[in-house]
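Working notes, structure below.
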Amino acid sequence: MKQQLPIALVFIFGLFMVFQYFVPHETSEEAYEFLLDWIVIIGIFALGLGIWSLIKVNWDKIAEARRNNTREWFYPCVTMAGLLMIIIPGFYGTKDGVSGFYFLSSEGLQNSFFRQLFNYIIVPAQSTMFALLAFYIASAAYRAFRARNILSTLLLGAALIVMLRFNPYIGPLSPIFADMANWLLNVPNLAAKRAIVIGIGLGVVATAMKVVLGIERGYMGKG
Amino acid sequence: MTLFDKMMTLDRRWIFLFLAVVCFITYYGKFQIPIPVNSEVRSVYNKIESLPEGSIVFLGIDYDPSSQAELHPMTYAIMEHCFRRKLGVLTAALSQNGPGMAEQVFMDVVDSMKLPREYNGVEYPARDIVKGVDYVFLGYKPYFSLIILGMGQNFRIPFPADYYGTPLDSIPMMQGVNNYDQVAFVCDLTSGNIADAWISYGQSRFNFDMALGLTGVMAADYYPFLNSGQLIGIMGGLFGAAQYEQLADNAGLAKDGMRVQVFAHLVIILFIIIANVGFFMSRRKQGN
Amino acid sequence: MDLTTFLWTTFGIYLTISIFSFLYKDNPFYKFTEHLFVGVSAGYFVIILWHNSLAPNLFNKIITDHVWLYFVPGIAGLMMFTRFSKKYSWISRWPLAAYIGISAGLAIPLEMSARVNRQLYASMANISWDNFWGPGFLNTTAGFSDIIVLVGALAGLIYFFFSKAHTGTFGAIAKLGLWILMIGFGTSFGFTVMARISLFINRIQSMETWRVASFNTANEHYSMIFPLAFYGILLLVLAYAIVQFIKFMKERASAA
C-alpha cells in the first residue's frame, strides 16, 4: 500500500493519458475531462503546503527569538503582518450593498485596499528586485566576459551584433548590424536552439516514460 | 599596481553608478530613435488586422510584475488594437500574479478607449468597453498545462466562472464560445515556461494560430517554433513591444524606453571592451 | 492623482529605493522591504487561489450545486497534508501519484509531437539551390542559410550525444555543433542584456511619473504634501549617502 499502490496509480493514470491521446471516442473524452477537472483540485491543496510551510517557519523563528531574548523576531513579524494585512481584506467586500466577509464569492477581489496592496507593494517590490539584475549584468560583463578562446569569442561576437542591431548612432554600420543580427537569429541561432529543443523533447519523453513505468520513483520521497 | 590591474579590481559599485547615471541622463534627454520592424512582429500585427469584427482573440496574460517592464507595453498595445478592431478579448492569467497585471491593463485600456483617437491616419471614436460583452477575464488557475488542455475541451471545465465569480454561461460574450475552435487567434504573453506549455499542450494538440510575447531572455529560444510554423510571430522583449507600438501607431512605454536601451547597450559594450583590453594586456605582461 | 493614490505611490517609490539601496550594501531598509514583500506576496497568492480555484471548482460545486462527488478530490487533496506527519506521510503519496501519472502520461505524446516530430519535419526543408547565395547580404531564405540550419541542428544534436567519445570525425562534427551552440548562446546573451536593462528603465519611468505628479499643481487633488514627500525622500537618500561617504573616508584614513 505504501510503495506498490502509488507506483500502480502512476502506471494506470499515465497509460490512460497516453492511450486517450489516440482515442477520440466519447467515453475516452469524458473520462479525460473528468480527470482534468479533479486533478487540478487535488493539486491546489499541494500549493497550500507551501503557504503552511512559510507560516510555520516564520512562527518558529519568532518563538525562538522570544525564547533566546534576541531581536530577530522583527523581520518574521513583518512577513506575518504582510500576510495578514492582505488576507483579511481579500475576504472583505460588498455584495448587494451589504459589506462583510465573503468566502464563497469573489467580492474580496474587488476590495480597493487589496488591489492597492498589489499595485503599490507587490508590483514595485518585485519589479525592482529584478531591476537589480541590470546592474549585475553590467558588473558581470566587466568582470567575467573575456574572449579567452575561439568559443567565447564566437559568443561575444554574436552578443555584440545582437546588442547593436537597433542602434542608429553607428553610422553606415547600422543597417549592416541589423541584417547580420537578423541572419544570426534566423540561421545559426535557429540551428542551435532546434538542437536544444529536440534534445529537451527526447529527454522529457524518456523521463516521463521512466516515471510511468516505475523506474523513476523520486516523487515518493524517503521510506 | 598598473592601470590595468586597478581596472580589474575596480569596486563594482562604481560600475553600478556609471550605468545608472547614463540611463538617467539618456532618459531625460527626451529624444526618439527610429524603430525598425521585423517580420516576426509584423506578422502578429497583420494577423490581428486581418480578423473580421466580432472575432474572439485569446490573450494569455501569464506574467508577474518581474516582467512587466517588457510585457506590459505589449499587452496594452495588443489589447487596445483588438478593441479598436472591435474584436472580443478573452483573457486568462495562468501565472501567480497575472490577475493583478491583467486587472491593471483592463482598467487602463478601458479608460483609454473612452477618448476619441487617431491611429495610422484613421479616426476611432470614443467607445465604452463593457465587461462580459467586449472582454471576459477568466482569472487564474494553477497547473497551467492541465488548464490549457482543459480549455481545449471546454472553457467551463477549468473555469466554471470568470474572475469576478460570474458563471460563464451567463456571460453574453461566452454564448457559443466553448473552446479554441471558436477562438480566431491565441496570443500568449509570458515570462516563464508557460510558453512551452502553450506550444506543446495547446498549439500542438488543437492547432490554433498562435503568437508569443516573450521577455528578451527567452525570445531567441523560440525561433525553432516560428520556423516550423507552430508560431506565426514572436514579440521579443522591449524591442518587440516598441515594434508593435510602432505598427499600431500607439507610442507607449516601450518606445519611450528604447533610447535608454541604445546607450545602456553601448555602456555594456564599452565595459566588455575595456575588460578584454585589460585582460589581454595583463596576459601579455605575464607572458613577458 | 488624488492624495490617497499619491501616498500609496510614494510608499511604492520608498520600497523601490529601499531595494536599490542593496546595490550599495545590505541594510535594514532592504531587509524590511524584502520581508514585507514575501508576506504580502504569499497572502495575495492565498486569496487568488481561494477565490479563483478552491471556491468555484470545489466549494461552490459541493455547497451551492450539491454535486457530492466532489468530496472525493477534496479528501484526496487534504491527504496531501499528511506529508507533515512522520507516521502517516505515506498517505500523501496516493494523490501525488495520481497527479504525477497524469502529467507524465500527457507529456509523452504531446512533447514528442511538439518538440521532436514538428521540429524534425521543419528541419527537412527544401534547400533552395536556385537561390543559393540569396538576393542580398546574408539572406535568411538563401540556400546556404538552409544548409547551415540543417547541418548546424544535426551537429548540435551530435554534440549532446555523450554515449560515444568525441573523437575523429564524430568529434569534429561535435565541435562544429559546439560552435553553432555558442553563437546561439551569444544571441541569447544579447537579448538578455536588453531584458535586464528594460527592467531598470521601467523603474526610472515609474519614478518619473511620481516626480511629475509631485509637482503638477494643475491637478485638482494637488496638495503641498506631494512636493514635500518628493523632497523628503530625496533628502533621506542624500543624508544616507553622506553618512556612508563620511564612514568610508574615516575607514580609509584609519587604514592609511
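Letters A, B and C mark the chains as written, and numbering starts fresh at 1 in each.
Heads up, the rule we're going with is that a residue touches a chain if its C-beta (ideal position, glycine included) is under 8 Å from a C-beta of that chain, and two chains touch if they have at least 3 such contacts.
Owing to the predicted nature of the structure, the values given are computational and were not obtained by experimental measurement.
In this assembly, the chain whose C-alpha centre lies farthest from subunit C is B. Taking the mean of each chain's C-alpha atoms, the chain whose centre lies closest to the overall C-alpha mean is C. The count of contacting C-beta pairs peaks for the chain pair A-C. The distance from the centre of subunit A to the centre of subunit B, with each centre set as the mean of the Cα atoms, comes to 17 Å. Inter-chain spacing, taken between the CA centroids of subunit A and subunit C, is 7 Å. Taking each chain's centre as the average of its CA atoms, subunit B and subunit C sit 13 Å apart. For subunit A, residues touching at least two other chains, in rising order: 37, 39-40, 43-44, 47, 105-106, 109, 118-119, 122-127, 129-131, 134-135, 137, 141, 156, 160, 163, 182, 185-186, 189-190, 193-194, 196-197. Across the assembly, subunit B contributes 16, 20, 66, 68-69, 97, 99-100, 141-142, 146, 149, 158, 163, 165, 220-221, 224, 227, 239, 261, 264-265, 268 as residues in contact with two or more other chains. Shared contact sites, meaning residues of subunit C that touch two or more other chains, fall at 23, 41, 44-45, 48-49, 51-53, 55, 57, 60, 102, 106-107, 110-111, 114-115, 119, 122, 149, 184, 187-188, 191-194, 196-197, 199-200, 202-203.
Of all the residues in subunit A, the ones that touch subunit C in their complex are 1-2, 5-7, 9-18, 21-22, 35, 37-49, 51-52, 54, 75-76, 78-87, 90-91, 103-106, 108-109, 114, 116-137, 141, 150-152, 154-163, 165, 176, 179-202, 204-205, 208-209, 211-212, 219-221, 223. Contacts from subunit B toward subunit C in the complex involve residues 13, 16, 20, 23-24, 27, 66, 68-70, 96-97, 99-100, 139-142, 145-146, 149, 158-161, 163, 165, 199-201, 203-205, 215-217, 219-221, 224, 227-230, 236-239, 253, 256-257, 260-261, 264-265, 268. Across the complex, subunit A is touched by residues 10, 12, 15-16, 19-20, 33-36, 38, 64-69, 97, 99-100, 103-104, 141-143, 146-147, 149-150, 153-154, 157-158, 163-165, 220-225, 227, 239, 258, 261-262, 264-269, 271-272, 274-276, 279 of subunit B. The part of subunit C that touches subunit B in the complex is made up of residues 23-24, 41, 44-45, 48-49, 51-53, 55-57, 60-61, 102-103, 106-107, 110-111, 113-115, 118-119, 121-122, 149, 184, 187-188, 191-205, 208.
Within the complex formed with subunit B, the residues of subunit A that make contact are 29, 32-33, 36-37, 39-40, 43-44, 47, 105-106, 109-110, 115, 118-119, 122-127, 129-131, 134-135, 137-139, 141-143, 145-147, 156, 160, 163-164, 166-169, 178, 182, 185-186, 189-190, 193-194, 196-197.
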